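Shared chain: subunit A. Partners: subunit B in the first complex, subunit C in the second.
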Partner chain A sequence: MSDLKIVAQDLYGRSPIRRLVPLWWALGLTALFVVSILGMNLNIARIIEGGERLRVMLGQMFPPNFGILGRIIGPAIETLYVAILGTFLGVVFSIVIGVLAAHNITPHVTVEIALKGFSAFTRAVPALIWALLFIVAVGLGPLPGILALAVNSIGMLGKVFAESIEEIDKGQIEAVAATGATPLQIISKAIIPSVTPALVSWSLFRLDINIRYSAVLGVVGAGGIGLELVRSTRMLAFDETLTITLLIFVMVWAVEYVNNQIRAFIR
Partner chain B sequence: MSDGVLEYTRKNAIRRRRIARLIIFGFTVAVLVSAHGTGFRIRDLYRGIPNIIQFLTEDLLPPRFSVWRRFLGPTLETIAMSYAGTFLSVVFAAPLGFLAARNVSPYPIVMQIARATAVFMRTIPPIVWALLLVSIVGIGPFAGTIALGLSGAGMLIKSYADSIEDIDAGQIEAVRATGAGTFAVMMKGVVPQFSPSFVSWSLYRFDLNIRSAAVVGLVGAGGLGFSLSTAVRLFRYQEAAVAILWILGLILAIEFVTAKLRGHLI
Partner chain C sequence: MSVQPILSVTELKKTFPDGTRALRGVSLDVMPGEFLVMIGSSGAGKSTFLRCINHLFEPTGGRIVYDGRDISKVSGAKLRRLRRELGMIFQGYNLVKRLSTIENVLLGRLGYMSSISGALGLYTKQDRERAVELLIRVGLGEQRFKRADQLSGGQQQRVGIARAIAQNARLVLADEPIASLDPKASDTVMSYLHEVTREENITCIVNLHQVDYAKRFADRIIGLKDGEITFIGKPEEVTDKVIRDLYGEKGDQVDE
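Moving on to the complex of A and B:
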């Protein structure tokens, strides 16, 4: 009997069932995938029809219609503006929130809890849903997009700014306080210099995220390049869709590239 | 000689400060130009606040909780979309991740192609993929699933490849020194070191997909996003409030579950 047991174990003394744990995971996860897909009432006819439509769509996409560039460059620039302003407002408000919510310098612990709860909420609701709400509240145009991005940014930046202030070396604050500095001087001479690098690189990262959102704000009715994209798919002008998609790609990629250069410089 | 070093350090510091000033100046100009271009005024902020408060208190609140049952199906649909999308991107990205990692990729040209594919797939926002796919496979969660799969694959190829590049080369060499073939080196040298980051990136993607899934629905790709945009379009804001609360709850719940799972698996 002990012979049998030895045969069944591998070098590490694992039984065959234990040894195959990754396989059980793979099988279970695949089964879950099949169940999820089956729940979407797919059938062969729909997939074949989709394939046919994909073929037609690709045929219409090429060559992309670059003639519309003159018309879409305005909305593209507006998209950039919205991303920059949304990030800027987000950063400004987040600095205030970060200072008030950081555990080591918060005026009162209830302020800390309230502000951290507020940023958790604004972070958890996706940016496009904020845009949807702001369109109803303040009307069309670039303003709802700017506000949506700012509010969603506060959720993320408020949290990380507070955390980077909490990570500051206590000795630095004490050293400045020992010279008889006022609270405002403590902030400007001890806190700001030590959090600036983190603050800048998180803000740039957020600009990266915001340009992506800004490009699709038009999908919910706020302006910019996203609106042109939706319009072109509704009119089945897929050669224009491809041009706009490529332009979005270039914009997002360019912002990412500039950010990486600046971040490399800071480090 | 030390004078030269000092001189170099000083010049370098001046140069850095100059570049820093240039960057700050650039951003200031960018913000001002943007404010001018969009006609944004600071007073828009405080003039908008009464509108926002009125919207919140009169239209959105209180949420009509009696309709909560209507969002049960879409919630399941959102979870199914996120899971199936994650599954597709993991299956697609795992082999490409190996091909895109500098240290294990068979040919540099394959690595370049895999990386470029990844950049393209993840730079296009998921909702743009969804918009295109809705035109192809029609309205419904299947379009959303493929959209999440594509943009997720783009991110995962990069993350997988970066984690594979970070693994200890000594272990690969040790396995190779036993006379193992390429496949055996992969299975015994690379995979064991890579699997923790594989699990944690894949779970992270599932987390992100829940957020995106709630949003891609806005263009008709099924799930809670679709219910939300329908409610807003019909001006049923109190129902929209319930949908938003559902989305919020779902995101927080999945974040909690994946955090637990990550702690358990790694």
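Moving on to the complex of A and C:
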């Protein structure tokens, strides 16, 4: 029974090197971790020292200073406005880009390639960098924040809108075209109704992201509550830092909650 | 003086980019008011024939004359003006699923509106009245504000019929309208299609592969095989031999 012998040799089915693949991964990742730490000159003493400072800071955070709420509510609302306007502008431009870039209805392939390239670029450059660029262009304040969020949103929404349109059942477009409808009518009567759920749901998701970004953009001077956050840490007023952080949390949570309600409603 | 055909097709050819010769020279005259049924197995070219007439496919050869006008090559605004007179009914109904039933019927009016007012859905009161009337006629008056995707297949196809009629179409092209329906719904849809087009004096070309339905409703039957017409005649002239020739020896499409 020579067959049995073969089975006995073949219990593992792979060479020893392939069999130990998880080990190689573990070793590789550990090496990467160690190299990164060494490269940054981190040492244990500094980490412990940092822990001590963190403890002091946390101590000073409590109780949070709610007395500043009246002062920071204005910037908080500005943050909200920046996010909403940025998202709104982004959505409007993304719909146009999505329609022109969707493979099944694009006026020409070159338009498709150019617009998909453009949104890939605006997506690749982070919102923070866009904010810095727009601050140079239009000065400090909420305007560069709005523009940065709008441009960065186009990167994501232009892509997903185009993809949603590409997924539409071609028959609906064909049927409306067969009635003698113009391209504009086809877009508004066959394409937009079909992609509405995707459109709404992605736009709300983006609003969610933009609220978070908007809070951070203030750090580089693009308006809103981020500025207050940085100011409080510079002044070592950690009780105010905690209040501001909590307020940002409430804002983000509230927007997320409302979004989920709307998304459940639109099907 | 004899009546002019509403549609006159001469040597129509269509070869797809992959080399498939779907139509190899089809010639056919369709008389005004006729209810014509085209039969043939899948891939015979029935669907391609209809789609060449309203230019959903571009024919690669031959001549199409509609109502005395050469429409072999039309595009842009001219094509849109042609299409609004040619209603089309699809196998997959092709309603805009997220629009209401009445909105779907109103789509038939787009070709008569300016681009902007159509895109904004500013249909006239008369258009809306006509849409409701058509929905009542196909037995869906009560369902007019229901979303299209909540209707059954047979109901969706009846909306498809109403949409085509709403175009004030003079010629309706029905591409396998009952292929996805059960026998009962098929019966209803075919009856409505026949009845409404008779009442409005609309010429109708229907692709079917159910021979029994063809015999029941057609004024004239066309047999298409491998992109060529192999039979033209009255329903009673469709013999078993004709069917065997069209569908092959098995005759598996014959339910009778």
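One rule holds for everything that comes next: the second predicted complex is superposed on the first by the 246 of 267 C-alpha atoms of A that agree within 3 Å, B and C clash if a C-alpha of one lies under 4 Å from a C-alpha of the other, contacts with A are read in each partner's own complex, and residues count from 1 in each chain.
What we mean here is this: contacts are C-beta pairs under 8 Å (C-beta built on N, C-alpha and C of every residue); 3 or more make two chains touch, one makes a residue touch a chain.
All of these numbers come straight from a predicted model, not from anything done at the bench.
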Combined model on subunit A: subunit C and subunit B, fit or clash: fit
Which of subunit B and subunit C A:Q172 touches, first, second, both or neither: second
Partner chain(s) touched by A:A181 [first = subunit B, second = subunit C, both, neither]: second
Which superposed partner A:S194 touches (first subunit B, second subunit C, both, neither): second
Per-residue contact with subunit A, leading partner among subunit C and subunit B: B
Which superposed partner A:V219 touches (first subunit B, second subunit C, both, neither): first
First, second, both or neither for A:A264, with subunit B first and subunit C second: neither
Superposition-derived minimum Cα distance between subunit C and subunit B (Å): 8
On subunit A, positions contacted by subunit B and by subunit C: none
Subunit A-facing residues of subunit B, complex: 16, 19-20, 23, 30-31, 33-35, 37-40, 44-45, 48, 51-52, 54-56, 59-60, 76-77, 80-81, 83-84, 87-88, 119-120, 123-125, 127-128, 131-132, 134-138, 140-142, 145, 211, 214-215, 218-219, 222, 228-229, 232, 237, 244, 247-248, 251-252
List of subunit A residues in touch with subunit B within their complex: 29-30, 32-33, 35-37, 39-42, 46-47, 50, 53-54, 57, 77-78, 80-82, 84-85, 88-89, 121, 124-126, 128-129, 132-134, 136-138, 141-143, 146-147, 212-213, 215-216, 219-220, 229-230, 233, 236, 238, 241, 245, 248-249, 252-253, 256, 262, 265
Subunit A residues touching subunit C - in the complex, by the definition given at the top: 169, 171-172, 174-182, 184-185, 187-190, 193-194, 196-197
Of subunit C, residues touching subunit A in the complex: 54, 56, 79-88, 90, 92, 94-99, 107-108, 110-113, 115-116, 118-121, 160, 163, 167
